[in-house]
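Before we start, here is the structure in question, set down as structure tokens.
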Amino acid sequence: MKVTLINYTPHPIETAFVAARTCYSADTPSNLWERSAADGEDKISPDRMHSLLDKVINSGHHSVLEHINFTFAIEGISRSCSHQLVRHRIASYSQQSQRYVKVASDAFVTPPTIAANPQAKKIFDDFIASVNRTYQKLLELGIPKEDARFVIPNAAKTNLVMTMNFRELYNVSQIRLCVRAQWEIRELFWKIKSELARHEELRGLADYLAPKCEILGYCPEHKSCGRYPTKEEVLGEK
Amino acid sequence: MKVTLINYTPHPIETAFVAARTCYSADTPSNLWERSAADGEDKISPDRMHSLLDKVINSGHHSVLEHINFTFAIEGISRSCSHQLVRHRIASYSQQSQRYVKVASDAFVTPPTIAANPQAKKIFDDFIASVNRTYQKLLELGIPKEDARFVIPNAAKTNLVMTMNFRELYNVSQIRLCVRAQWEIRELFWKIKSELARHEELRGLADYLAPKCEILGYCPEHKSCGRYPTKEEVLGEK
Amino acid sequence: MKVTLINYTPHPIETAFVAARTCYSADTPSNLWERSAADGEDKISPDRMHSLLDKVINSGHHSVLEHINFTFAIEGISRSCSHQLVRHRIASYSQQSQRYVKVASDAFVTPPTIAANPQAKKIFDDFIASVNRTYQKLLELGIPKEDARFVIPNAAKTNLVMTMNFRELYNVSQIRLCVRAQWEIRELFWKIKSELARHEELRGLADYLAPKCEILGYCPEHKSCGRYPTKEEVLGEK
Amino acid sequence: MKVTLINYTPHPIETAFVAARTCYSADTPSNLWERSAADGEDKISPDRMHSLLDKVINSGHHSVLEHINFTFAIEGISRSCSHQLVRHRIASYSQQSQRYVKVASDAFVTPPTIAANPQAKKIFDDFIASVNRTYQKLLELGIPKEDARFVIPNAAKTNLVMTMNFRELYNVSQIRLCVRAQWEIRELFWKIKSELARHEELRGLADYLAPKCEILGYCPEHKSCGRYPTKEEVLGEK
């Protein structure tokens, strides 16, 4: 799996700050923008911008976070994982099509539980080899790619471009960074968080991405993984 | 594949009519509703309601169609098809999970091009048998269902519940009833149209579901399937 | 203000139950539907359905709630209130247009703080009388309704039809039932909750609509209204 | 009214191109991105990128356009106009609040039909003066801003920050650039189109923003403004 942040809203903190200030200020957004993104003697200090953003995020007024967008190149995840990912509907996806692109013979994800079990690994590898033979034979018999792909398993790798705004990324991360999420999509979202953290100006935003227990202060599930106590344990209610 | 309309907004035409009239009338929606859905001497005639709806749809003012919702039980489509389906984001889906539900040994879709080719059919059937053996062996080796499913191919059947409003159904049908759509999702949307038509009070709505060429009066694609001429051919422009 | 639930998904609990079960069951949704909504010897007990729904809501797996839709006739709210309301984007609205419908001379909302202050009340009433005279004079001078309405104040009443699913209603209620919401939209959402509670089969759902502090177990705002302690006070963290 | 494009997705054409190519190519999006946005000997030519985008837009495969986002500072539009604008739900808005920001005495929009009629202009100006006096008196009597604003008319100016992706901008422009749209929101979208055209790298995108008749090749409304013939006139059908 490879995740690359290929593009994002320039001046992201400034953009969210201008949006937040516009709601509560007589000042115009174009003027606020000048004083945020540009340098000048009346420039608003980065600390003040961070501080407002922190208040906004912690008190749950998240709509201003929608003005910050991220575009990721996501490569080599399984079709299982992509099927889960695209269920998050407040985002934009452009995914490699198995109707039009021939599946490569080496493009399959091996789950860690299988990789760690030599017997299972042998069975899995033999199976993938048979997938490749079968797929190839069907194509040779004139079956169109869109139908030959019916033999392609969930393990097949896929690539996609995803654009998601920071509000949604914050929400989805709470679910997908949780240990209850499947290992592959969990790894994907930890990589997304790392990608943000690699960029100096996005590090502050990356810090807000966390499993829901960290955000809420308790685990809302029936049983906790142990990281945080459950809501009932913390609040003493049912 | 089995498609069943299990639920829908009662009095659908009346609901859209009341929404449309509310925009242009001094009358209140609750009063309009009384005169639309209930019987009484000042009942608004069904013909008048149909006529307004027809005008609204043909002139492109579609937001009132969102008040009509349909819930379908969709069963036995392949995971290829469901992956395409859930890409339509303005709808609600609850889909059978391969993480939690064991895949049944007979639950696979055979594409028609394969079914029609005895040699391909034999290869495909042997492959499915090997999928079942492999999946079973992995489970026996203690691999969790969520990882064993990596060998499950696109052909695997899935079930889901989908709720979609009429505006979105109208839009999506234009794309998915077109011959360019893959055969399986095209069949799905023709079945959805049939399901609507089976209900007396929905027949009028079913009639509006059509490939985009019928709606536009021309084919917007580069090449036409022949059903309608292309935009260029009709309008004489590039 | 008058709020009327004019329409909703029939068998709402059953619909959400079938959606939830479809995710975790080898049984088909059409079969689950038969056993939920219809009577029969293998009918699933209402208690079991309620119990699953309760578990789903409390653990935060809310997507199945989207299959339940409600349509409300909302009448006599101010344009201030409607401007706030339509900002909730995951819903469908059909609103009376001031471009096409003449504003009635008696259709204005008086805020309670003004109604309770005789001096302010006199000023407000005189102002509304002048609005009516001005609007009328502009129309007589041939100014079109869409421009004459520039003198119509926020106090003007409006009607609309709103369809919102239960997931969104649950989310929005957390914000709008809170004392921080403006009095008018807060009243609107308490009326929406009451409307649900008036229907026997919706009473269970109405009970879930509550300000966010009740859902979370603490107030997430910087300062609490006193109903619940703040997050910091409960969890002892920043 | 002042419209300023304060921010947008860098390398917009390249971003949409990489998304489009990812669907149909064995190449990875991160590699395609390297060859699109960066300079190098295997750089994909701008002409090829434009040409693919043109094909994508004209044949109606618009999802790749969602990866391009624009953020506008919109200032001095009336609350009538903002009420219409925020009805477009696939966008993000942060709007100046009349609950928290005092309305300035000179911040009102005069519709052109009123400005052009001296008698109407006098009535309108006197009315606005009375609005200011009334609003001020209510505040002095201790009425909170959020209630005093009930006397503020639709003419009041507002500011907002709007982020909209290019797919939605393309769709909304078809409606709002049409002469049927109210003059103010029509002016807003012509200004948005101009703002795009001011930037060298966005000029190509600005060219696609047009009233729906230009896109369709006919006017879909019952009566045409004369710019294009109606669908019936062009296609000879009902």
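To keep things simple, chains are lettered A, B, C and D as they appear, and every chain counts its residues starting from 1.
Rule of thumb we're sticking to: a residue touches a chain if its C-beta (ideal position, glycine included) is under 8 Å from a C-beta of that chain, and two chains touch if they have at least 3 such contacts.
Computed from a predicted structure; not experimentally measured.
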{"item": "Selected pair, greater C-beta contact count between C-D and B-D", "value": "C-D"}
{"item": "Where chain C and chain D are represented by their mean Cα positions, the distance between them in whole Å", "value": "28"}
{"item": "Whole-Å gap between the CA centroids of chain B and chain D", "value": "31"}
{"item": "Chain C, residues touching no fewer than two other chains", "value": "93"}
{"item": "Arrangement of touching chains [line / ring / star / complete / other]", "value": "complete"}
{"item": "Chain B - residues contacting chain C, complex", "value": "2, 4, 6-7, 9-11, 15, 18-20, 22-26, 28-30, 33, 37, 63-64, 66-67, 69, 71, 73-75, 92-97, 100-102, 104, 159-161, 163, 165"}
{"item": "Of chain C, residues touching chain A in the complex", "value": "55, 58-60, 212, 216-218, 220-222, 231, 234-235, 237"}
{"item": "Sites on chain B touched by chain A in the complex", "value": "78-80, 82-83, 86-87, 89-90, 93, 98-99, 109-114, 117, 119-120, 123-124, 127, 130-131, 134, 137-138, 141-144, 146-147, 149-155, 182"}
